[in-house]
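Given below, in the form of structure tokens, are the structures.
Across the two complexes that follow, chain A remains constant while its partner is chain B and subsequently chain C.
Our next item is the complex of A and B:
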């Protein structure tokens, strides 16, 4: 691992597709151990970030480091320590489940067949069925089992819950909890199911149009980002004076509501300095925080 | 062992919800002094939560004196000792009520309603305790 204790690090990474910037000067890191969730709306740059991490895509500018090496030049022995569960779960359609397992096992000396079998039994994936005959959920579970069976140190999952129904998603989360229980393993995942992220993540990185908006421990995000309802003496102003850490401001029913990141006492003081009072404070779920950071601002009225 | 409920879609962070759930179980008597809590590992499995979240809740409970951990044996509900001075207890009660009342006054709650809500809450706690033991 690199000196900073990071498994992976993006340093001012820009990726251009024509004139479109999928990533725009993004810097963030995945520390050793624990679970980092990479969040953002569709097109925010999550998959692009993961593709640069896996060395499948070269940054236009900046660099990506993984396991102490440039992502484009990771030695094969180290690469085998990275497990990847991809979006859409690409697997050979004509293979039988047990053949997929045998095929994967042949490629990884550390492949744990017993564990792989246990997972497939837990998921009820029939061993003799062909991949093309499996449901989407079962394909996802098979992809997960074979990606994790080599016991990789670093697991990268791009929207692994996509296509899973509620029960399958819960089973999948349980497997993830098992994985986290093993000391020193690092997970990076993207997901749109924020209640799941809330269950498993230690850290969140929030991308919005290729830019890093949040990079912090989940607990800090939950504690520091809150919604404040303001009251002004007389008629509320048309525009608000700036408040440090402001995420979003809206005027509704003649009252201002602001979402601010900061210690509550400091925010209340900052609000008072603008001549308003705080009428109420509301903690936000991760889903609320996500919406507050990524909603395209409507015209305020 | 009571079932602790943690719902990540709620406003409070999951670790805080678990802390509150354990405190509540102790308050209602569903958990008694000396009862052993499940291990971090088992609770992580059962609640489908990151073990770090469970460990953080356990640390918080211990620092508040709700539980004690014995190395190698596990985490137990603490004996109810008057570790707090009378003065400290009074200060904390005052603080707690003040927080509730500050909320309630702007809603226009009358003194009568407030008193009744307090008595109902006490009765509920006692009722749950009677039913649980």
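Our next item is the complex of A and C:
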């Protein structure tokens, strides 16, 4: 772990693919313990961030640290302390389940075969079947089992629930919660299922077109980001005066609605300073917050 | 690393089998008429093909985290992959030698065949060619030392392509590697004797291997 108590840290990381910037000066960190969710729309840079973390991709600019080392020079012993479940649970399709287990066990010195077997039995994954013959749910559980069996300190999951039905996703979540409850373990995950994220995460990082828009505890995000309905004396103005923490502003049916991040009293005072009054305040779910931050149109901040 | 080696051998099953079958067939058809330099250069081409295939596998990198996120250095991981490709090439060399031996044994049995039909013959054993209108020389099999040389240079061709395609300028790396492989063999073919040929091939293989190792310095996967 680094001196700042972070398992991983991105420092002004830019990753370019040709002229496209997948990450654009992104800086954020994953603190020790708990669950950090990396959120964003498709193409926001989540998978790119994870690939730089695992040393699978070199940043064009900036640096990434994991477990106190440059991500491009992680010693094998430290790498063994990182578990990884890739997007879509990619495993060699021709391997049998028992071969996948043996393959992982041969590389990770701390691989716990007994635990892995227990998980596979719990998920009803047949050991003699080939990966290509497994359902998506079973493949996900297999990927999870072999990633967790080495008992890693830091687990990275790239959209682990992708393609799973509700029941399989719920089972997946249960395992994740078990994992979190084990002392000292840190989890970084990306997901598009924000209800799942709300259940397990205690910190969120929101990426939008490669830029970090939010990096805060989940409770802070839910408490501080709210939607305010404004009323103006007379005809509402065509444009709004700047409001500190403004996320999004829309004008509908002759009224302005703004989404602002900040303490409610401070936001109300800031709104009054622009000559308007707050007619209503609406708390937002994480999904609402996500939409407010990432919707392309009418974003003023 | 046996598991990584076996996985890679299995991943290369289709192109590997294709290479073995193609080399066996070439061993038969090129046993008599084709110059040794050309005959051996095909190993470079096949090796480069395997390297290119592995490079193309790498382009599916989003799917490769399961393999690449492993507590081993990148050098060991990719070196083991190289050994897997080399294993297929060794199998292909065996198939080629078997095809060569089979065809030459067949011609030896027909010793009454008109020698003038073979104005050019080749002796792969000493990497030399000759022109003997009156006699047909029929070597059988390949000695270990020549096989080792052949494999070493082929591996160098593979390594150059493999590491080349992994680098940012993949499209440039492939033709450069192809030209370098064939160019090396043209020098080998023109060498005055087997020792000089081995020296050229060895120096070339060493240079390419150093390039590959330099490319994999650090832990970038």
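One rule holds for everything that comes next: the second predicted complex is superposed on the first by the 297 of 301 C-alpha atoms of A that agree within 3 Å, B and C clash if a C-alpha of one lies under 4 Å from a C-alpha of the other, contacts with A are read in each partner's own complex, and residues count from 1 in each chain.
Note that in this section contacts are C-beta pairs under 8 Å (C-beta built on N, C-alpha and C of every residue); 3 or more make two chains touch, one makes a residue touch a chain.
All of these numbers come straight from a predicted model, not from anything done at the bench.
When both complexes are superposed on chain A, chain B and chain C sit side by side without a clash.
When the two structures are aligned on the shared chain, A:94 is found in touch with chain C, with no touch to chain B. Once the two complexes are laid over each other on the shared chain, residue contacts for A:133 go to neither chain B nor chain C. By the touch criterion defined above, A:77 lies against chain C but remains apart from chain B after alignment on the C-alpha atoms of chain A. By the touch criterion stated above, A:58 is placed in contact with chain C alone, chain B being left untouched. In the superposition on chain A, A:103 contacts chain C only, with no contact to chain B. When the two structures are aligned on the shared chain, A:177 is found in touch with chain B, with no touch to chain C. Residue contacts after overlaying the shared chain place A:200 against chain B, while chain C stays out of touching range.
After the two structures are overlaid on chain A, the closest C-alpha atoms of chain B and chain C sit 27 Å apart. Shared contact residues on chain A (touching chain B in one structure, chain C in the other): none found. Interface residues of chain B, counted against chain A in their complex, comprise 8-15, 41, 44-45, 48-52, 56, 106. Residues 2-4, 7, 10-11, 61-73, 218-221 of chain C touch chain A in their complex. Of all residues in chain A, only 47, 51, 54-58, 72-74, 76-77, 79-80, 82, 84, 86-88, 90-92, 94-95, 102-103, 106-109, 143, 158 touch chain C in the complex they form. Interface of chain A with chain B (complex): residues 34-35, 170, 173-174, 177-178, 180-181, 195-196, 198-202, 218-219, 222-223, 279, 282-288.
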